[in-house]
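In this document, chain identifiers A, B, C and D correspond to the written order of the chains, with residue numbering beginning at 1 in each.
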């Protein structure tokens, strides 16, 4: 299981969380990455943690002021990127373009989708993974296993029917080690979570709990 | 073969073209529809031609000023709608929502996509059809059969691999009856065209040519 | 005072409300207009009521599938249009373009803004009017006179400082005849309202109340 | 005169240009800043040059994945930001929000606009400066003084009529020291340029020429 922590624009210290994530990843052997604001990527990657961007634009080099150029994100140390997060929905053609831009510079891609049909649609564009985020679970306290386990199973089936090489992550309803285990049992190979870590009083303790059942 | 004429925002007389399309459809027995500006739908549908919208919004009834409500479009006589045209690209989640909105009121859906991968992605959302529009052919004089026939074949295969119930239309490079026949031979069950009819000096003659080989 | 009723995408009968608005306008001598879905403009204008669009696109004739062409809106009988409603926020350059497009075909323009600073900004683009919509009042039951009268006064001053020819409408917090009178006392020359009429059991009675103090 | 160099997403070395800009600024005493990709801000600011972002989002801290948080941009060393560049047009309400977000963290703001009317509109939102970018001059070889000097003069007048505290920069048609002098004579207090420096074989030589007449 892969644990991908999205810091969003939360008022947390990205370096503190990145350092904790790196420590827990090394001690547990579990893969953990931190997705940070573009302007924070350089300092986050300097902690040694696996560093992801929260978005990359579909464009390449050129006249694109204010874009998030995949090459710049990679320069700053990112090795992966989220695309089409529910807070940052993108046009279909641009999701396709952003995946291509990310692959051009070697960034791993995780595209978000909010139901099994959209998961299948995204899988057809061949990203490395799709994070299915049932809207009713985003940012809430309800665990995916208790609330809507079928949506993860259905997303896993839907993606596999279109493209067997695409992993499915559980993109909401994960805040504890039990949730991570449940997500894995439903067929997910990773989890995408945010506030559970980024808003925690003790992010390291939360991360240790998240990996505890693996 | 289905011939879908998109009037875009061209400075044509929508009623004149709709009347011509209706006449040619009736005389030839070929299915022809006209996609008009929302504000023109009522007068276009009154000609008796099969009438399509150029877009519907994902929302239902509610506080959505300036949206293109599927129910309103249907009230005005539309029986189908384009979604995600290359001049009107939409977010993946909204394409999904617009298909759902259209189906809710019985509108047939044709979602545009500009390559085989996006065609497959759209097919996963189960519209009635996908129009593949190779960007290099849009608005040009080059026929699909001479320029890039593989993109239509590949789109047909890609859609079928994901969802066998989804038709594929050829969305660019069609301006003559020969092009319509070629599109059919490549596996398309319809063509989406615009300027070839809407900017013609004699739209009726163009429509007669388009159906001549069927 | 001008009473502009925005039907949004509400599940009301646009023809019934338009007919009521036309009757009340004629009997009272107060100017009343109805802003409808683009696809409903033709049937609304046929009632004889002053008809407005809810949005027009900045483009003119051309390859703009799914746009709301000002010319088409005018063809359908609209004589005015909202631009940049809070449910349909637009880019600054496109607000400028939409005002120009509307003026090109003789549509009166009312651009929405949600505070005095944005009202001044919009006034610099020379629309016919600006509707100030304090976000905290939109869709609520609180009248503008009791909740936040200064925002209307400040918007009137701010607009006048930039462009004396631009009227200011009160875009929220209006549901009764007293509210209309209060809006006028604050310097507004019109009111923009929606649910108060569109969701009413008896829209005509509401309209009669709205004009009762004028 | 202030010289603001926008690196866009050009395939240049941002550190090399930043270092050159810092050297020329120090040797000439002219204020020069470099606007970089968000992911490059940290390395650019480490050169000591005045560092600007190319965009900031209107949001503050919170659930805003993929946004460009003003606080993060400031963390990385930026002291100013472009907003609403012609390649990154924004909604009016978001321009207002982005100015507020930038000011909250002490970033200087330069909002782009493409004609005198939009310059006045932006001035009403009280940024520190507006860069007027006549679309016909962007990215071209024609100098502002030879092509369309009135647009700069008109923008200066239009801004002053609305808000005397807002500076106007010349946002296109500047590539030489003569152009900088001409811009100043037209009333601009700064210039915004991009490819002239970012695509130059010898950026330092171009920068030295730009400041040569001051």
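Operating definition for what follows: contacts are C-beta pairs under 8 Å (C-beta built on N, C-alpha and C of every residue); 3 or more make two chains touch, one makes a residue touch a chain.
Here's who's who by UniProt: A, B, C, D = Triosephosphate isomerase.
Keep in mind the model is a prediction, meaning the values are calculated, not measured.
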Contact-graph separation of subunit A (Triosephosphate isomerase) and subunit D (Triosephosphate isomerase), given in steps at minimum: 1
Chain of greatest Cα-centre distance to subunit B (Triosephosphate isomerase): D
Angle of the C-alpha superposing rotation, subunit A (Triosephosphate isomerase) to subunit B (Triosephosphate isomerase), to the nearest 5 degrees: 180
Interface numbering overlap (same over half, different under half) for subunit C (Triosephosphate isomerase) and subunit D (Triosephosphate isomerase): same
Separation of mean Cα positions, subunit D (Triosephosphate isomerase) and subunit C (Triosephosphate isomerase) [Å, integer]: 36
Interchain centroid distance [CA atoms averaged], subunit B (Triosephosphate isomerase)/subunit D (Triosephosphate isomerase), Å: 43
Multi-chain contact sites of subunit A (Triosephosphate isomerase), meaning residues that touch two or more partners: 86
Contact graph of the chains (line, ring, star, complete, other): ring
Every chain pair meeting the contact rule: A-B, A-D, B-C, C-D
In the complex, subunit A (Triosephosphate isomerase) residues that touch subunit B (Triosephosphate isomerase): 84, 86, 89-96, 113-115, 117-118, 120-126, 158, 161-162
Contact footprint of subunit C (Triosephosphate isomerase) on subunit B (Triosephosphate isomerase) as seen in their complex: 6, 8-11, 35, 37-43, 53-55, 57, 59-69, 71-73, 75-76, 78, 82, 85-88, 139, 194-195
